[in-house]
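Take a look at these structures.
Shared chain: subunit A. Partners: subunit B in the first complex, subunit C in the second.
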Partner chain A sequence: MTTALTLTAAHTQALIRRLTALADDEILIAHRGGEWTGHAPILEEDIALANIAQDELGHAGLYLGLRAELDGSDPDRLAFFRTADEYTNTRLTELPRGDWAFTMIRQFLYDTFEALWLEAATRSTYAPLAAIAAKAVREEKFHVQHTALWAERLALGTPESERRTRAALNDLWPYAAQLFQPVDGEEALVAAGVLPDLSAVRARWTDLVTAHLSGTCGLTLPGTPADPAPRSVHTGHLAPLLAEMQSVARAHPDAELW
Partner chain B sequence: MTQPHSTDTQWPRWEVFKQDAPNRPHQAVGSVHAGDARHALVTARNVFVRRPAAVSLWCVLETDLLTATPEELSRTPTLLDTPGEGGLYHVGLKRTNKRSMTFVDLSGTVHAAGPGDALRQASTLHPDVLAWMVFPDAAAVRTDEDPGTVESWFAPAKDKTYKQQQYYGVIGRHVGELKRAGLMPGRAAGTDDTGTGDTDMGDTGSRTPRTSEDHA
Partner chain C sequence: MTAALTPGAVWQALARVPDPEIPVVSITDMGMVRDVQVQGDRVSVTFTPTFSGCPALHVIRASIEQAVRDLGVQDVTVHSTLTPPWTTDWINEDARDRLREYGIAPPAPTGDGPLIQLVAEPTRCPRCGSLNVRMTGSFGSTLCKRLYVCDSCREPFEGFKSV
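Let's turn to the complex of A and B:
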C-alpha cells in the first residue's frame, strides 16, 4: 500500500502548467479537426474525423477537470476566454488545417505522441492522472490506427497523394519537436513519478513514427530542429483561430445553458 | 444482386455487420465506402461504434453479397443459379419493416455450392421473411479479438452517454409539450407514423394509441 502523494505548492503549479499545455493542444487540434466537418473527402471520413476531434476535446475536458480540482478554475473560462498570449499549445496543433494529407500526418504525429504519453501516465504516482490516462489512452490507440492507415495509403497511393504527403511531412516535422518541450518545473514532477519523462516518450515516439513513416510509408524524414521553441511561442495562426472558436462564448458571456 | 454502377465515383461499398454482445448475432447495420478491407473496418468503427456497444465488426464487399426479396426471387428465379465459389455461407434475414431498427440478422451458416445455392437454402429454411442475404464466410474481414483491439475499438463506447434527441434542450417549448396541450396543427388521420417521442425499439409492432389531440 503506497502512501497518498502529497504535492508541494511548486509541484502543483508545475502540474497545472502541464495539464493546461496538454488541454490546449487537444482543444486546438480538435478545432482544426472540426473544421473538416462537412468538407472531408467522403462522408465516412467526415464522421471519423469529427469523432476523433470530439474525443480530443473530451480529453481536454479530462485534463482541465484535473486542473479544476487543483485550483478551482473553470474549464469553459479557460477554453473560451484566454487570449493567444495565454494559450500554451504547440504550433503543430494551431497550423491551418491544410489538405487531407497535412491533416492526417499532423494527426498521426500528434496521436502517436499522445498515446505514448498517456500510456506512460497510466503509471503516474498521482492517482487522478493515472485514472484519466487509463481512460483516454484507449481512444488514442484507435486514433493512431486510423491516422497511420491514412499516412500509409496516401504515401503509397497516387503520385499526387505521395507528393502532398511528402510536403506535409516536410512542413510539420520541425514543429513536432515542440511537443517534447517541458513546462517550468516539470523535472521535479518527473522525479516524483507524477509525470512521464518526456525524453523517454520522445525516444519511443521517434522509433514508432520513423518505423511507420520511413519504413512502411517510404517517406524521408526531415532534420529535427536542435533547439525547439518553448510552448509560449506561437504562429500568427493562433489568434484568428481563437477569435472564431471563442466568438459565441464571448458574445454571450453570461449564457447559462448551451 | 447489387452491382457497382459504372458511373459511381466512390470507393467500393462494404456492408458492415456489428455484433452487440458475444451471444448476439452479427447484424447488417449499414455500409461504408472504403478503399480496402482494413480501411473499411476502421471506418466502420468510427461510423457505427461511437456510442452503441459492440464487440465485433465484420465488413463484406458488396460484390460478395447476394440479396433477394421473395418478390425479386419469384420475378428472377435465375438468382438461384448465381455462380461462385462453393463453401461455407452466412445466411442473413430481414424479418421486419417496423420501427427504425430493421437490421438484417445473421441467422446461421450453410454449406453451399455457390451463392445461388446458398440463397436457395436460405429461402427454403426461412420462407417467411422480407429479404435474404448470403455471402461466403471467406469474404468477411473481421476485427481482431485480442484484448488490445477490444480495449481501443469497443470499450470506449461503453462509457459514452447517449442522449435521445428529444432530451436535448430546445429554445421555446418542446413539441411534446405542445402536443399534450393540444396546440399542434392537425394532421390527417392515418398519416402520423413517426411520433417524435418514439424511443421504443421493441419489435412487437403494437403502437400506443394516439391521443385525440394528435388528430384534432
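Let's turn to the complex of A and C:
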C-alpha cells in the first residue's frame, strides 16, 4: 500500500519510550485489577476484572513485543526486573485499588483513553503498530462498555454509592491528565504519522468522558492541573506494588517456564 | 515418510487440533489457521491469535507443531500474524452449530459499528432459541465469552463475544 517507513535512530528511541509507557500502564492497571480476585462485590465482577486484567496484560505483551523487534529487549525482564524509578507508568495506574467506585472510575477513565488512542493508532504509518492497535481495540471496547455501565450504576445508585463515586472522580481526575503527556521526542513521531496526536485523543476523550460522567451520570467534573507530572514521577505506592508483583520472578530469576 | 506431503494433508491434521478452551471446535473451525506452506520436507503454518491475552495461545502453538510432527515432519515452523486481526466472523457455520449444541451461543456478526456501544448485540438462547435472554456477566470463564440467563427456558448459558 505504502512504501516501508524508515525510522531514524531518534524516532526509534522515542517509539521505544512510548511503547514502554503504554505497556507500563497496562501492567500496573492489570495488577491493581487482579488484586480484586476473590474480593470483588459479586462473583461476576471478580471474573470481569480478572478478564480485563488478562486483556490488559495481553496488550502489554503486544507493546513490549513491538519494542523487542526494535531493540531486542526481553518483555519478561522489563516487566519483572525493573525498579520503581525505571517504570514509566502514570501515577493514575499505580494508586492503590481503593473501593469499588474508585476502581471502576479509574478503569473507565483509563479504558476510554486506551480505546481512543488505539482507534487512532490503527491509522499509524508504522504497520506493526497499526496491526496491534486493530487487534487490541476490539478487546478494549468491552472494557469501556463494562466500566461505563458501572460508573452510571454507582453514580445513580444509592446516596452512599453516589458519594463514593463523586469522591473517586475528585481524587482521580487530576491524575488522568498525565495520560496525555507526550514522551521525549514524541512530536516527531506524530508528525511522521507513526503515533496518534495526544492532544487530538485528549479532545475526543474529554468529549466522551464529559458526556458520560456529567451528562448521563450527573457528576460534576473537577478542575484539571495545569502542568501534570512527567512519567518519571511516582507515588510511594509503586515500589510496594512492584515488590509484590516481581517477588516470584526475582526469587527464581532463571525459571524458564511460567 | 513415503509419499510427498501436501498442504491438504497438513490442513486435515490441523482440523483435528481442538481449541484448548472449547474442545468441541477445532482451530481451523475457529478460523485461526491462515496459511500452510509445504516446501519439500519443511512445513510452515501461520495462525492468528484470538484474544491477545488468551492463556491458551502457547498451547495452541505447541499443538500445531505437534500435529505437523505427527505427520512425520521434522522441520516445522509456526508463525503468528495479527494482520488482519482475528474476528469471530471467521468461525465456520458447522462450528457455530456445534457451539450451540455444546450450550454456547455463537457470536453475532461483528459489523463495523461505532466504537462505544453500550448495548450488547442480540443473543439467542442455545437451548430454546429464544431472544428473551439477559446478560448476567459481560465477561465469562474465558476471554471470549459472556454469561447469560434465558428468561424463557430459565437456562443459564455462555455466549461468544462478537469480536
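Please note the rule applied: the second predicted complex is superposed on the first by the 257 of 258 C-alpha atoms of A that agree within 3 Å, B and C clash if a C-alpha of one lies under 4 Å from a C-alpha of the other, contacts with A are read in each partner's own complex, and residues count from 1 in each chain.
The definition used in the following text is that a residue touches a chain if its C-beta (ideal position, glycine included) is under 8 Å from a C-beta of that chain, and two chains touch if they have at least 3 such contacts.
Worth saying up front: this structure is predicted, and the values here are computed from it rather than measured.
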Could you tell me whether subunit B and subunit C fit or clash when both sit on subunit A in the superposition? clash
Partner chain in contact with A:51 - subunit B first, subunit C second, else both or neither: both
For A:142, is the partner it touches subunit B (first), subunit C (second), both, or none of the two (neither)? both
Partner, of subunit C and subunit B, that touches more residues belonging to subunit A: C
So, A:119: does it touch subunit B (first), subunit C (second), both, or neither? second
Is A:132 in contact with subunit B, with subunit C, with both, or with neither (first, second, both, neither)? second
With both complexes superposed on chain A, which partner does A:77 reach: first (subunit B), second (subunit C), both or neither? neither
Who does A:208 touch here: subunit B (first), subunit C (second), both, or neither? second
Taking the superposition as given, does A:163 touch the first partner, subunit B, the second, subunit C, both, or neither? neither
With the two structures laid over each other on chain A, which partner does A:59 touch: subunit B (first), subunit C (second), both, or neither? second
Answer with first, second, both or neither: which of subunit B and subunit C does A:153 touch in the superposed model? first
Thinking only about the overlay and not a real complex, which stretch of subunit B clashes with subunit C: 81-89, 117-125 or 135-143? 135-143
In subunit A, both subunit B and subunit C touch residues 44, 47-48, 51-52, 55, 135, 138-139, 141-142, 145-146, 149
For the complex, give me every residue of subunit A touching subunit C. 44, 47-48, 50-52, 54-59, 61-62, 115-116, 119, 127, 131-132, 134-139, 141-142, 144-146, 148-149, 208
Contacting residues of subunit C [partner subunit A, same complex]: 51-55, 82-87, 115-118, 120, 136-141, 143, 147, 161, 163
Interface residues, subunit B side, partner subunit A - complex: 10-11, 32-36, 38-39, 42-43, 45-47, 50, 148, 151-153, 155-156, 159, 169
The answer for subunit A against subunit B in the complex is residues 42-45, 47-48, 51-52, 55, 135, 138-139, 141-142, 145-146, 149, 153, 257
